[in-house]
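Order of writing sets the chain letters: A, B, C and D. Residues in each chain are counted from 1.
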Amino acid sequence: MKNVRIALLGTKFMGKAHSNAFSKVGQFFDPKASAVMSVICGRDPVATRDMAGRFGWHEASTDWKAVVRRKDIDLVDVATTGNTHKEMVLAAALAGKHILCEKPLANTLAEARAMLAAVKKAKVLHMVGFNYRFVPAIALAKRMIEQGKLGRIFEWRSQYLQDWIVDPNFPMVWRLDKKQAGSGALGDIAAHSIDLARYLIGEFDEVVGMTQTFIKERRVPGTGKRALVTVDDAAAFLARFKNGVMGTFEASRFATGRKNSNGFEIYGEKGSLSFNLEDLNRLKFYDRTEKAGEQGFKDIMVTEASHPYTGNWWPSGHIIGYEHTFVHEAFELLNSLAAGKMPVPNFEDGVRCQEVLEAVERSAKSRRWIKISSV
Amino acid sequence: MKNVRIALLGTKFMGKAHSNAFSKVGQFFDPKASAVMSVICGRDPVATRDMAGRFGWHEASTDWKAVVRRKDIDLVDVATTGNTHKEMVLAAALAGKHILCEKPLANTLAEARAMLAAVKKAKVLHMVGFNYRFVPAIALAKRMIEQGKLGRIFEWRSQYLQDWIVDPNFPMVWRLDKKQAGSGALGDIAAHSIDLARYLIGEFDEVVGMTQTFIKERRVPGTGKRALVTVDDAAAFLARFKNGVMGTFEASRFATGRKNSNGFEIYGEKGSLSFNLEDLNRLKFYDRTEKAGEQGFKDIMVTEASHPYTGNWWPSGHIIGYEHTFVHEAFELLNSLAAGKMPVPNFEDGVRCQEVLEAVERSAKSRRWIKISSV
Amino acid sequence: MKNVRIALLGTKFMGKAHSNAFSKVGQFFDPKASAVMSVICGRDPVATRDMAGRFGWHEASTDWKAVVRRKDIDLVDVATTGNTHKEMVLAAALAGKHILCEKPLANTLAEARAMLAAVKKAKVLHMVGFNYRFVPAIALAKRMIEQGKLGRIFEWRSQYLQDWIVDPNFPMVWRLDKKQAGSGALGDIAAHSIDLARYLIGEFDEVVGMTQTFIKERRVPGTGKRALVTVDDAAAFLARFKNGVMGTFEASRFATGRKNSNGFEIYGEKGSLSFNLEDLNRLKFYDRTEKAGEQGFKDIMVTEASHPYTGNWWPSGHIIGYEHTFVHEAFELLNSLAAGKMPVPNFEDGVRCQEVLEAVERSAKSRRWIKISSV
Amino acid sequence: MKNVRIALLGTKFMGKAHSNAFSKVGQFFDPKASAVMSVICGRDPVATRDMAGRFGWHEASTDWKAVVRRKDIDLVDVATTGNTHKEMVLAAALAGKHILCEKPLANTLAEARAMLAAVKKAKVLHMVGFNYRFVPAIALAKRMIEQGKLGRIFEWRSQYLQDWIVDPNFPMVWRLDKKQAGSGALGDIAAHSIDLARYLIGEFDEVVGMTQTFIKERRVPGTGKRALVTVDDAAAFLARFKNGVMGTFEASRFATGRKNSNGFEIYGEKGSLSFNLEDLNRLKFYDRTEKAGEQGFKDIMVTEASHPYTGNWWPSGHIIGYEHTFVHEAFELLNSLAAGKMPVPNFEDGVRCQEVLEAVERSAKSRRWIKISSV
C-alpha cells in the first residue's frame, strides 16, 4: 500500500488532533505510505464541512455508515465518544477496513473483546490510540529500560491529575454520564497510565482500588434541572505486576492546579526515571552506577537528533508539544500499513487495558484485590 | 517549672538530633522553661561520655533505669530503638517523669496502648517525636488550611521515599529485623506521612494496603552468614478519611535516587498545597480564587519573619535544615511543660498512628479494606 | 485583501518554520485573510520541489528574482541567510510587494536602514520575524506589564545560551563567517533578547559590551584546511534604557548544556516576571502586593483559554512548542494585511535592534559606553 | 595550640552567626584545636550579656579595646560593621592576636591594604569570612573543577539578588549610608560573588560596570526627615579573567521576589555547573562527556558522606542550612590555627576582592574598562 485513504469519524477534540496529525506527518516525516485525507464524518454538517476545509479533507459526510463501506477507503479512524466505538469498529471490520480506534477502546470489557474478535475475524490491521507511547521522552524511557539501564525494576508510581470539574458550578457534560463515557477519570485518563505501565513495566497481575465521586449532582445546561453524576471523579489503585513490580495509580479531575499532569516514576536497581506530560520534552534519569558523590536526577531535554522522533522536527532545545504525539502515532501506523504488519499498540493492548479498568471497578465494589483475567 | 532537667536515653542518630535541639533552643528561642541538659544515657560508656562532652550534658550514664528514677530529673527523653520504648516509658511514668518519646511510639499497637495507659495513669505530660509537624512550611500549611484557603479538601497524596538499602550488598542491620524495628519502611517512614495526614487532614476511616520485601536475605556483617529480612522494603496503601477525603500513601527504601523524599500534596476546592522535605524551606500553593489566567503553583520560600518559627533564625532567604525541626519541637515541649499543659503531638497521636500502621499490616495480609479501630 | 498570495524565499530551517506556519494558521485560527501558498524559492531545485510537495506550495522555483516580480504574488517572505536580505527586500519593495523578513533584518545597520527606506518609499507593509513576541507566555508578560502588575520596573536580565559549537571539532559553517552571518551569537540570538527587551521594557539609551571568540580556527569540511572564525562565540553587555531601567544581556554558543535557553527576568516595584524558552509554556510571576507570608514565584502554565493564542489550540495543560510561535506570527501578519495596517514588529523594529547590535560591537572595540543612535 | 580562646566583637547578625558556629563546631566536628568562647563584646551591655548567656560566652564586655589586649585571648573575631574593621584589626594585630574578620574586609581598598600590612607585620594568622566557600555544594564544585571535570572554562555568570529595600517606605538604615557601609549591593553581596569567582575561576584582569540607586531618599525613622541614600541599590559588571574566561556579575537589592539568590553558572568545554544559595544543598552538573542522548543537568543533592563536610551532619537527604557554612569556616580556621598555618581565605583574598570592588566603582564613574591593580 503506497497511499492510505482515510475516513475519519469524529470532528471534536480527537477529530482535530487526528486531522492535524495526518496533515503534518508527510511534512516532517517520510512514512512508507502516504496519508490521503479522503473523508471526514460528523453529525453536524456545517461543522464537518468546516473541519474538512481547514484540514484538507477531500470530502465531508454525515453518514459514517455509508463511508465505512466505500471501496476507496483503506483505513477507518474512529475518534468519537466511547459509547459509539463498538458499532463503528464492527461495521468497519465487516467492510474489511483497517482501523485506528481512539482510547479507551470501549466503554466496557465486553465491548472491547467483541471488537477485538471482530478485527481478528476480519483479518484487518488495527491500532488503538494510546498516543503517549509516542512522546519522545517516553519512547526514550522504553529504549533505556530495554538497554537495561534501570536493572531490575522495583516500583512504578503514576498519577494523571486534572482539575477541570473542580468547580461545583461546572455543568453536567457527556463525560460525566456513565452511559456515554463508560467511566470517569478511570477510563478517560487512568487508561493512559495503565497503558504506559504495560508498555514500560509489563502485564498486571492484580489490583485493589477505590473510586470517588465528590460532587454527586450537577446542573444540566439550558434547563432548570440537575442530573446525577454517574462516573468517578477520582480513582486510585495499587497493583502487582506479573514480574513482581509494585505499582500505584491515581487519576483525578479534582486535583486543583494540575491541568494535564500525567506523570510516572520508575525505580530500579540501577537507576530511575521520572516523567510528566506537562513538561513532555524532558525525562529525568538517575543513574546509580555513576560515581558516588556525582549522582543525581539528570534532566534530559529530549530534543536531540539522537532521541526518538525529535530529529525530524527542529534543532535541539526547540521544544515540541502535545499534538506531535499524534503525528508520531500516524507515522508508525502508516509504516505498519505499508508493510502489512500489525501496528503497536493495537486492539490487544486496548483489551488488556480494559481488563485492568474493569478489575479496578470490580475491586472498588468488592473491596478486595482482583486478579486480572485474560481474554 | 522554670528549668526542665532532662535525661536523654539514646546516643545515636536521634540522640544526636535531640542533644542538638536542647543545646540550641535557648540560643534562638525564648521558651518559657529552660532546658537543663542533665544526663545522657547509652550502652557504650565511651561513646556516651563523648556525646556528653560534645553537647554539654552534665553527666553520662550507662544505667538508664537508675537515671529515670532520679529526683533531679523532670523529663525523660526516649530516643532509642522502637523495641525498648515500652520498657523505658513505663519505668519513667512509674517514676512520675514527663516523657518525650521518639516515633514510632512502639513496635506494636498493643505496646503503644500500654504506654498511653501508663502515662495517663501516672498523670505525666507526654509528647511523641513527630518532628515534621515543626517544619515551618508544614506549620504554615496547617495555618493556611485552618484559615480555609483550601476550602473543602478532596485528596491527599503522600510518599516517603528513600534508597539506602537498594544495593543488594547492603548488609543486615537492626532496622531490617522485625524484632527490633517492628516494621520496615511502613513503621519507620510511612509513620511520618500518617501523622502529617492526621495533622493536616483528619482521622482515618479505613485503609487497604500492600507491603513488599524485594530482597529477602542479606549478609550478616562479620560472619559468613545470611539472615532473613523480616520487615517490608516498601509499602503502599489507599485510605478514606472520616471526612470523606481520599488518600494515597507510599513508603519505600528502594526508590533509587530519592534520599529523604517525604512529600505530600493536598487538593482542595479553593486551592492546593505541595511539599517535599528535600526542599523543606518551600511550600507550593495554588490558589483557585485568583484571577483566571494568573493562577499557578506559587513557590513560597518559608523563611520570612511572618512564617512559623523562621523569624527566630536568619533573615529571609537564608534557609534552615533538617535539625531545626527538633529545635522547634523542643521549644513547644518546653512551653507546654512550663504551662503544665499537654504537648501536641502526644501519646494519643502515637497510638492513633500505630492504629493505622497495624491496619495496613492487617490489610496486607487479609487483602481487604480494614477499618481503623479506636482505643 | 481576502487571500494573501505568498512567495517564500528559503527552504532550510526558517523555510520549514514558515511553510509550517502558513499551512497551519488556517487550521487553528481564523485570520481575516487567507494564506495562499503560491511559490517557494530555493537554490536547489530538488530540495525546493520536495519542500513544495510536503507543505503544499503550488509551485517551486529557483529564480527568486522572477518570482518577486510576478503579479500574482502579494507577499514576499524572506527566510534566507542575512547577507541576502537586502537585495531581496529591495527587489520585492520595488515590485510593490508586502514583505515579511526574517531576523536579524540585515547583517549591518546600513543595510537595515536602506531596507527600511526602500519599504517606506514603496509604501508597502512590512514585518520582521521576531517570532518570540508571539510565545503565549511572552504575550501574557506584555499584557501584565501594560496592566501595571509590575509597577515601576527596575531591572531586566536576559541571556540566550546555546552550546552547539562548544566541541572544538565542530566544523566551519556559514554562521561562523562574518561575511555571510554578519555576527555570531550577538546577531543570531542576542538580537532576540534585544527585541524582547524593546517590546517589554522600552528603548535603549546606551550600552557597554564585550565579545569573545574562544576557538579561533575550525576545520573546513571536505578539505584539509582550517579557516578563521570571524564572528563572536559569545557576547555580553550592560544597558541603560531611556526610562532608567538597567539591563544585562548575555548570548553564547558555548554554554555547555544549554540548548535554547532564551531567558529573561524583569524586576519591578510591584512584581517580577521570569521566562525561559526551553519551558515556553510557563511564565513565573511574583506579586509583591499579595499578603505577606503567601508571596512566591507563581508558575503560570500558559495554556488556558484566557491566555493569548492558546485557546485556539488544545485544552489547558496540553502544551505547544517552538513552531507555534510562527503560526501566531502568521496570524497577526495576515490580519494586518487584511486590514491594510502596518504589522508589528516591522522594519522599524528591525532597524532599532540593529542599532543596538551595532552599538555593542562598537563598544566592544572602543571599550566604552556607546549611546544608541536613532535613524 | 590546643585551645583557641576567642574574643568576638559584634552581637548582631554576624555576631549571632559566629556565636552559633563556635558553639556547634565541636559538637559535630573534631577540629584539631578547640574553640573556647571567652568574651563577646558589644556596645549595648544588656544585649551583649544576653548573647553571652544564650551562646555560652564566658564573659561579656563593652570595651573591645581592653579585650583585644588581654593575654588570655588567642583569636579576635571582628564581626562588626565595615567602617570599624580597620581600627579593630589594627589593634588586634598590634596585640599579636590571630584574626578572623568578616567580609568585606574593609570599606575601601586603602583600608584593606593597611589591614593586610598590619597583620603581615604582626606575623599573625588571619582569615576573612567569605563563608560561602564552605557551602558543601561549592566546595564540591571546587573539587570537580580541580579534577578537570569542566575542562577549559569559558564563562562565568553570577548574580546575587535580594529585595529587602524595594519598598519605597523602607527606612534609611546604616547599610544605605556610604560612610558606614562603604557601598551598597556591590560591597555587601557582589563581594561574595567576586570571592567565589576568584575561588572557582581565578584572578580578575579587568572589569566594566555600572551602579544604580533607584530610590534616592528615604525617611529617617523617628524623625520627620528624609536622608540621601549614598550607596548603590544595584550594580552590574562584565569581567575578563586573566585566564581568558569571560564573566558577568549582577547584585541587587531591588530584585522583587529574590530573597537571597546568590547564584552562579560555570560553562566549560567538558561540563557545566550551576548553583543557587536558596537551594544550597544542591549542585547542578552537566557532563558533556556522557553518552549522547543521555546528557542533562544533573541535580546532585550534596548531602552524602562523600561530599565535603556533610558526613559530619545527618544521613543523606537530610538538608542543612545557611548557618552551617559558618561552622565549616570555624572548623577550617581552628585546624589552621592548630597547625600554625595561614587560613584560606585570608586578608590577601580580602584585599583582592576589594581591588575588584574598587575597580567596578571606578569604572562606573569613568565609563570605561578598568584593569585590576595588584597590591
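Here, contacts are C-beta pairs under 8 Å (C-beta built on N, C-alpha and C of every residue); 3 or more make two chains touch, one makes a residue touch a chain.
Just so it is clear, the structure is predicted and the values come from calculations on it, not from any experiment.
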Note, CA centroid farthest from chain A's centroid sits on chain D
Weigh B-C against B-D on C-beta contact pairs and write down the one with more. B-D
When centres are defined as mean Cα positions, the distance from chain C to chain D in whole Å is 41
Cα centroid separation, chain B vs chain C, in Å, comes to 54
With chain centres defined as C-alpha means, what is the inter-centre distance between chain B and chain D in Å? 36
Can you tell me which residues of chain D touch two or more of the remaining chains? 258, 295-297, 301
Show me the residue ranges of chain A that touch chain C in the complex, using the header's touch definition. 13, 17, 19-20, 23-24, 26-28, 54-56, 162, 164, 258-261, 277-281, 301, 303, 313-324
Mind pulling up the chain C residues that touch chain B in the complex? 140, 144, 284-285, 292-301, 304, 306-307
Contacting residues of chain D [partner chain C, same complex]: 154-155, 157, 159, 161, 163, 166, 168, 208-210, 212, 214, 233-234, 236-238, 240, 244, 246, 248, 250, 252, 254-258, 265, 267-272, 286, 288, 295-297, 367-369
